[in-house]
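Across the two complexes that follow, chain A remains constant while its partner is chain B and subsequently chain C.
Right after this comes the complex of A and B.
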């Protein structure tokens, strides 16, 4: 199970050192081609081990248990795997759908929800046993079965997600138990391809592919209403072909400013959440994929779609200006900041490497070897709303 | 190299593409139809895979398995690749791929040999 692959790996974290250890500095690196993950720690910047047998991780994400001991990994093949980061092994694993995209864990840590492509809809599982609690088909008002995207958790044991084919946003409220109360918002726009919520659980936004704009929902409203922001932002100019869909995960919020990747333009969009008005469009190096906020929100680090995917740019949010550009290497797929943002880990897929940088000096301070690394996810996510 | 003469005999298209490759590259064997098979395989798995799944079993885009593509012939698939599907996220690959490359991908998707 813990094949070395050139890395010296102790069998178990908890037994490797002298006695018990905490998990607040742990994380995982998804190795997308081999169905494996590396368990890493960010204090000494080392790999603690590799866990194999997670299936197809070509588009994988993960959430963490409240105690930061378990990672729930959602695989492309519908696999949902609960990893024990201390024992460094697969604790439980189910294949819950034919094709899955991601998930969320409820605020009380009891429910894990998976967002599925095939068949569409959302399934909800007991976080300890992975026994199914609810299966919610995603049939829109027009009767269309839908892939679901942009699944996030918000307060009060609720999940919010978006129906790609039907163009709707749904809230599933599990506060009364295993049977959810659904609130549906039809007419959320054509082909919403991803969505996310701000860290306060308030502003939910879905990027649209089939029309020019972004759908907005204020979840703090007693009676939330759909609105559009950035409507017509491509008007009068060509939309570039999109070779990799932008992601809303990790998006940058700084005060009332929200930074979003544009679809089909070499730019990022700056939204003023207090007015829901466009604040700026900032030209960048290529088509943005992730706009990841430094935990304090001051900067947003941006990676790009092929063929600009060797580059990262740093946006200074208050200045609304790109302040630094650098090339970590071929195919930069993801980046994750340490919990308070002193360092950042960057996966460089085609170099089979994860780079570790000091955020303040922007100097490289370490690297680890990984096979075709993609997502990097640290346990601090356990304590954040959304994803 | 050793497999070459057999394939050479069994398929007239192989004969033609090999001849074209010789003409283009001026060497005895420059790959099928002078396309870079390793590069295209990686492109399909990684870059098409970001929407269609790295195992091509589907994602935001439909599965690209041989069974799923039964209703298209190679030429139609090559056309979809080059032109995209307007109104959906399927982008036109014309700016990045030549006709020969699109055709190579289409042929191999039909055969289900990319993995």
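Right after this comes the complex of A and C.
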């Protein structure tokens, strides 16, 4: 069952001559050390080719065009690269900032937005041409220029993001054209280091580095108001040294339960979205990094920061209980489920390998060789809000 | 903005010569009177071609392969047709029963199941070859052969369906291979006429024709037990003559609220899935047929049975209130949102037209000519459970 490919794959295999193929089962694997990505398909569990020349891909992320043919890869060096997954090549590439931290694509697929550390702010590009449509500086109410984090797309050609230094949350509404209407929520808390929105585009939460709590915004409210959840979560106990900040991109939703990685504790948190009350704190194997929900939400698979980063734990969400622990190998950096959750792909960086597991049996069913793999992203993300 | 195509479209336009294209923005429009489908794309809002020769397409439905290249169309005459949306042709076609009512595709994309009226039961086919893998008769505990309805896929290569005549719900588990393990729930109520499962594959509900209520099964339970919800819903009031049975395929979920069409009343029902209690009954313009949730779940768009079938109403789910009513035209049979809900396509059968609307502004932005269009189905369904 082991698929071929990997280290021996030609750098740019053109598929143009091999006839038409669908794109719903495609994906990419980020190879962070070499500035390359593997193009993979999840039906036969194979590598279709490798695309090189993407620059610095540490902390890289990606979104997909609505036809699932193109990937937009956001590099740490400010590079924004549009990959053609069918022709297996770089379609366009720009360097749009000095230091970037991710992006989003509008619900109509027309606009790609990038969240920047240096010089800060958000830039928005035409999704077809990568021509700049808007540059939005992030100057908070106190006049402080900010890095931006937690950039997500929501309905109505809107992007929502958080100003790290200024401690604000902004909504940029492009529904009327290229000039956004901005709605600003100041006083969103001290040093919000990451944020995310639930799959329905409703609940936006920002984790705070400078305070003990999480900021919450109900984007469905006619007049959204900032609230705090998990306030004083660490009160009266030691906070562990944080080796790796947990990612809010990797939270898991199951019904009205949201599973969040706790910062500075060997715990994950369950938030009841219907009441905004803490539901449970669950002890886990280490400091959680990604809490990835199975597509149906019944389980959340959790990976951990160094030195526990060889391990994955599986949380049964309705039972609020860890039901399985296993060690895929050294440096488990990311995991991605197939769209309906029958299999899961797991990056094992220091083994230069992606493992593929059957989700029901939890047995390994295949592997792909990859150079220091980190993020794994499948095209089905194109159809989801809040990417 | 009006797209071309429609009645003048060539019957089988091959795209093989036009270079590679993604399949994430494709879809089909069922033309019920002529046994044909239009292949459409939602980025440019155009018709790519027409495929003919699909037999009787009244009440037709479809599922999609996991690469989003193939559509499996279930016809009322028992025909199961695999369409190649890229090559724009019938790839394979079998007549697998005398009278069929829909189907599902397993979470791994390997098995296609069809729900049959005549001779009843469920048949399961290899998704690539359409070779029969299993034929499961539907003989209830009382020995009665049954039509099957409400066939859905859930995790772990399982299908769930309902026996109309016998009043039972069965789970067929194909995780161990071609011979299913059957789990049967007898006493599921009198004449369950349709059923469906929520997008998380958890809550399965079957509407009853022979009783005043809905049967409920929690598929995440370790030992699922049948329950009734909305029992005695019509007690003490007249039931209207039912012109068209409401479709459970067309219900809408928003957070933990489920919006259901009421049978025999000019109402939709709100069920709180966290308590299984009725939350509201909302008066609407006529007898609802489909209650289609916007992909984010914030709104549910409702169409109606004759004589109110020229109208759509929009329900704001959090406010439990109808917020907009409009008349697209004569015989609105179906509607389908683009995957992230920026636009909606609406079949207006007796105008031989599909209308395309901007969801935020509710303005018409395009139309497609089609012959007596009914179901509209986009490839993004490939990535969803419970299709």
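As a working rule, the second predicted complex is superposed on the first by the 368 of 387 C-alpha atoms of A that agree within 3 Å, B and C clash if a C-alpha of one lies under 4 Å from a C-alpha of the other, contacts with A are read in each partner's own complex, and residues count from 1 in each chain.
Following the convention adopted for this analysis, a residue touches a chain if its C-beta (ideal position, glycine included) is under 8 Å from a C-beta of that chain, and two chains touch if they have at least 3 such contacts.
Source: prediction; values computed, not measured.
Asks: Between chain B (first) and chain C (second), which, if any, makes contact with A:157: first, second, both or neither?
Replies: Touch status of A:157: second partner only.
Asks: Return first, second, both or neither, reflecting whether A:295 touches chain B, chain C, both chains, or no partner chain.
Replies: second
Asks: Which of the two, chain B or chain C, is in touch with more residues of chain A?
Replies: C
Asks: Under the stated touch criterion, which partner chain does A:56 make contact with: chain B (first), chain C (second), both, or neither?
Replies: In the superposition, A:56 contacts chain B only.
Asks: Under the stated touch criterion, which partner chain does A:200 make contact with: chain B (first), chain C (second), both, or neither?
Replies: In the superposed model, A:200 contacts chain C only, not chain B.
Asks: In the overlaid three-chain picture, which partner chain does A:382 touch, first (chain B) or second (chain C), both, or neither?
Replies: Second partner only, chain C.
Asks: Of the two partner chains, chain B (first) and chain C (second), which one does A:111 touch, if any: first, second, both, or neither?
Replies: The answer is neither, since A:111 touches no partner chain.
Asks: Which partner chains sit in contact with A:69 here, chain B, chain C, both or neither? Use first/second/both/neither.
Replies: second
Asks: Please identify the positions on chain A that touch both chain B and chain C, taking each partner from its own complex.
Replies: none
Asks: Tell me, which parts of chain B touch chain A in their complex?
Replies: 46-47, 49-51, 53-55, 57-60, 84, 87-89, 91-93, 95-96
Asks: Under the definition above, what is the set of chain C residues touching chain A in their complex?
Replies: 15-16, 19-26, 41-43, 64-70, 86-87, 107-109, 153-157, 175, 200-202, 220, 254-256, 273-274, 294-298, 318, 338-343, 359-360, 379-380, 382-385
Asks: Can you list the residues on chain A that touch chain B in the complex?
Replies: So the residues of chain A touching chain B come out as 32-33, 56, 58-59, 76-77, 98-99, 101, 117-118, 147, 164, 191, 193, 209-210, 241-245, 306-307, 331, 349.
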